[in-house]
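Next up: some structures, all given as structure tokens.
Consider the two complexes below, in which subunit A is the common component and subunit B and subunit C are the respective partners.
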Partner chain A sequence: MKLQRQIAGPVYAWLLLLPAAVLMVAFTHYPIVGGFIASFFSTGREGRPSKFIGLENYSSMIADPVFWQVLQNNAIYALGVIPISVSLAIFMAVCVNGRLPGRGIVRAAYFTPTILPMIAVANIWLFFYTPQIGLLDQICGLFNIPSHSWLGDTKTALGCMMVLAVWKDAGFFMIFFLAALQGIPPELEEAALIEGAGRWYFFRRVTLPLLMPTMLFVLVNATINSFKLVDHIFILTKGGPDNASSLLLYYIYEVAFGFWDTAYASTLTVVLLVILCLAAITQFRYMEKRVHYQ
Partner chain B sequence: MINRGSDWMQKVEVLAAWLLAFLWAAPLLYAIWAAFHPMDFISRFILTAPLTVDNFRNAWKVAPFARYFFNTFVLVSITLVGQFILCTMAAYAFARFEFPGKEIAFLLVLVQIMIMPDVLIVQNYKTISSLGLVDTILGIGLPYMASAFGIFLLRQAFKQVPKELVEAARVEGAGWLSVLWKVYIPLAKPTYVAYGLVSVSYHWNNFLWPVIITNSTETRPLTVGLSIFGAPESGVNFSVISAGTLLAVSPLLIAFLLFQRQFVQSFMRSGIK
Partner chain C sequence: MKKGLSKAFLSLFVLAFLLMGVTAAQATVNLNMYYPVAVGGPITKVIDDMIGDFEKANPDIKVKAVYAGNYDDTRVKALAALKANQPVQLSVLFSIDVFELIDQGVIVPFDEFATSAEDKKWLASFYPALMENSKAKGKIWGIPFQRSTIVMYHNKDAFKEVGLDPNKPPTTWKDMVAVAQKLTKKDASGNVTRWGLHIPSTGYAYWMFQALCIQNGEVLMNLDGNRTYFDKPAVVDALQFWRDLAVKHKVMPEGTIDWGTLRQKFLEGATAMMWHTTGNLTAVREGAKFDFGVSMLPASKRLGSPTGGGNFYIFKKATPEERKAALKLIKFMTEPELTAKWSIATGYTATRADAYETDVLKKYVSEFPAAAVARDQFKYAIAEFATHENARNKKFLDDAIQNVLTGGKSAKDALKGAQGQAERVLKAYR
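Right after this comes the complex of A and B.
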């Protein structure tokens, strides 16, 4: 009986695991490895099969000004969107956690953008940014600011994307801070206030340090998001003008499914994966630390 | 004595909170305004503006929304069923069995939490196309079915099931599968609800992969349909676009407004790994 159990256990376990393992290898591990290998080959075309070309894709990537442009855009995008949306998220969480009149409505308003598809909200925001008849220009008109092609100008197109991304993400990050805040006993604040500590002082010295573990989790997720979510570009600018608002993943999409240069797209994907891995390493190191705390 | 300065501060804070809430709700409220009024009133906010549902009628006529709804519904359902079955089995293996290679297998699962199929579009397209699944709804859902995130959440839930309950069921002669069915799954119900809500919202809203895989009305989900419909080339005016957009988001939006607490808690749970 015991022997039978010992043999049956592992076999059972692997049988249970098998269906998920097959699909996961096929659509996660294989494409990671396969894409890496494909980046050393040329794109196969009619009559010209794919062949090994060493680092040629990488050297043309380094020589490709669009690659550097989208990488820079993505860095600006991440560095702009992440701090603003995370600070707003903390502010939102603190407000909603306190005794705010109409708390339920406010919380719903903050969170709603999270459950709306990016495509749908981009449709709405497109109209805000439309020159002359768009809402933004109409508001500017009230202050005698001349009409502006917000999405058509290389200086403002990326900024328009960033505003939309902040609006979409802040409410989502809020709920994680809210969960953390709910873990802080309310007596702590009462005691501090009675002792004469100001609200701002209490926030800085007590609340914020307690939010730090959540902060790291949110920062990593925000970083991943800023490289992963490019849906709005399809509606608002298609990466233009002059790639001013294109991001890395959108460029990969264009190269792979617009120019059908899959080898070069695979090379670009390798860069994207390296960035995501760096974010992952940060997360794992943090998880290790958290184990020590518990 | 409570600081008197904080009284004034609190008022500013409340005001800021409300202003922010207004800004956050404004795009949606604006879309509702535009959808229910004729185009002339699109940026003239007067209370006496005539209400109309013509925009919805037009939107429904211009684009095959019924078909898109059906496609999204099928997509979300098969993806969720696939995820539930595959993730339950895998999570059960990780939570309650000892087997050689368990650690490394789990590490390989974790890889997908960071590198999701969303960014592996180039190679996955090749795979789906060699399987002959381009332009099928199954082709959209398949890469997401073995979800690391689902395995992770369910494994956590299964690990919390008390050993005594399992032993009791075993003593009564239940096999491993019936233990899973009668003990683990019922006790993990809140996790299934949370994961289900997150998964449905995710796949209802997903766009990049579906736009790559689909190229006909018969397979396009709502988001892809909406992007064609909202494109400037379609020549549809903004009131009608708003109406179409509202149509597409309304099921999820209404569900959210009705079950707000459940939604927020599910998303919260999904983040606290």
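Right after this comes the complex of A and C.
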């Protein structure tokens, strides 16, 4: 009887875990391991079957200038998009948290970009950026700034992607901060007012620390987003001109489904995974010290 | 006795009838195909109608045609479906993917099952320029369907406005530059409000570039698809000319020009001339609020354009019955009458000479002569850029072109780099 209970307990627990575990293994862990193994083999073709080639894929990756360029692009993209979209999100959240008239409409307006599909958004922005007839050039025209090929210039193409990403992400992150702000008890503000604390001081010393758990969550998401969201590139530039706006994941897609070089694509995917793991670990380690859950 | 005999006959009759029913049910062949759309207009509806007509004429064949995005998307979907053992028997894919599809071992040559005299006559009925991209290793792998060449569209109203003859578009590079300079209009503060010319350089940059190279008397690859000639002097000159249109002659904006939004820009009058596929002809005709003309691309040393567009392919995994049904479908879709109808609905060139002899197309061409320009250009057309591992070599070339057009390296250095990269890939195929 006792033995039975000893077995039944864990079995019951494992049975409960099983559905989730099966899905995780099938769609997350197995592909990761499979991709890692594939990165040590060559891509098979008609008459040239796949064979073990050791680190050859990795050495050709290091010699591949496009790889280094997309990596650099991705770093710039992440370092630009994450801080701007997150601070904008906090700012917007604080704005619509107060009692301003018509705040329901403002909240909805801030959130709208998030509910639109990325592909649709990119198609709209494509015409914003189109030289001469696009919205951006029309506005520039009012101030007598000459027309510019925004997406067709290596210097501005990546910037255009970043603006779009900030516009799309900020509203989404705002929702989380807004929810966190609503959870902050109003007594704190009253107490601070009585003590004579300024608005900025209050924000810095009370609001921000209380937002930290949300901040961690948002930062992790923002980092992942900046590596995994590439839908807009398909519509706007296809990574061009001359790879100026290509990101790592887009390049992986190109290699895998354009060139059908699945082995090299696996190699690039391993790099992407390592980057994302490192980012997640650092964020958790570093932030844990500054985050206190209530 | 008599009664028994008739009874026996009756039962035999019933049995035969049942058997027929069974065989008829068995004989229903299901075909799945993917097809791309790379131009404007309601193409999917046109295809659905054509398929509907085919099914009415052939009740024993059911066809499911799936629109799958642009050429690249469609290839990805078709190959992914094949790898996952999904039933796909035929597809319309990029004509230049032929080497890639052979190397992956997924398509069969038409010579293997289109063997009757009538079949052979049919295979010989297409324009030879269009068949160049279908042939490899001495066999025919693709049947021309949605095919095009590049043509030059010009805004006749803009021509009139600056005192040019709207019915005489430029025919040489020199003319084109002079005309484009006249057509480029600036406002009081010196900002350009209308450009003379746009040649798109995203999406299909290599295709536009190939036109410039052909006109300059050079080809970019051999027909075996295992050698490229990116660093030949005439090729370098052609790229320099493209760059010069923006920086020296100032008739085109600097940087790359988007393929997808160009039609809209032309329709809004932001450029007076554009190079684009004939596949856009009908969409331009329907959208233009001004009088426009279409002409062959201008010449440097000769006239020329690459052909472009999609071919029908049949996949190796299709069973003999399915191949037969697929062949029937492709033959139906490329009949002169349907080819004519398809050409009118899209602007794609009719793929065979006898389609232009049909009443509908004769009437259409007489009302709208622009529709015949691409056909007339076939005399000067050659195969589109196709090599083994084509996507990769195309990207080397695209990157080099875009690098030069955005003011990066010199034309010579960029093309030399691309040639070196292509050489490394193609060595394995010689």
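Note that in this section the second predicted complex is superposed on the first by the 254 of 294 C-alpha atoms of A that agree within 3 Å, B and C clash if a C-alpha of one lies under 4 Å from a C-alpha of the other, contacts with A are read in each partner's own complex, and residues count from 1 in each chain.
Here, a contact is a pair of C-beta atoms (placed from the backbone, for glycine too) under 8 Å apart; a residue touches a chain by one contact, two chains touch by 3 or more.
Since the model is a prediction, treat every value here as computed from it, not as a measurement.
In the superposition on chain A, contact is made by A:F227 with subunit B only, not with subunit C.
In the superposition on chain A, A:I115 makes contact with subunit B only, while subunit C stays out of contact range. By the touch criterion defined above, A:L126 reaches both subunit B and subunit C. Touch criterion met: A:E46 reaches subunit C, while subunit B stays clear of it. Touch counts on subunit A: comparing subunit C and subunit B, the chain ahead is B. Contacts of A:G141 after superposition on the shared chain: subunit C is touched, whereas subunit B is not.
When the shared chain is aligned, subunit C comes close enough to touch A:T237, but subunit B does not. Look at A:S149: by the touch rule set out above, it reaches subunit C but stays clear of subunit B.
In the superposition on chain A, A:L79 makes contact with neither subunit B nor subunit C. Of the two partner chains placed by the overlay, only subunit C lies in contact with A:G258; subunit B stays clear of it.
Put simply, subunit A uses residues 126-127, 133, 257 to touch subunit B in one complex and subunit C in the other.
Here subunit C touches subunit A in the complex through residues 72, 76, 79-80, 100, 102-105, 189-193, 195, 201-203, 253-258, 260-261, 264-265, 268, 270, 389, 391-392, 395, 398-400, 402-403, 405-408, going by the rule given at the top.
Residues 45-46, 66, 126-127, 130-133, 141, 144, 146-149, 151-154, 237-238, 240-244, 254, 257-261 of subunit A touch subunit C in their complex.
Touching subunit B in their complex are the following residues of subunit A: 9-10, 12-14, 16-17, 19-24, 26-32, 34-35, 38, 88, 91-92, 95-96, 98, 100-102, 104-128, 133, 135, 138, 167, 170-172, 175-176, 178-179, 193-194, 196-200, 217, 221, 224, 227-228, 230-231, 234-235, 249, 252-253, 256-257, 262, 265-266, 269, 272-273, 276-277, 279-280, 283.
Residue ranges on subunit B touching subunit A, taken from their complex, read 1-3, 5-6, 9-10, 13-14, 16-18, 20-25, 27-28, 30-31, 34, 42-43, 85-87, 89-90, 92-94, 97-100, 102, 105, 108-109, 111-112, 114-127, 142-143, 145-146, 148, 151, 176, 201, 204-208, 211-212, 222-223, 226-227, 230-231, 238, 241-242, 245, 248-249, 252-253, 256-257, 260, 263-264, 267-268, 271-272.
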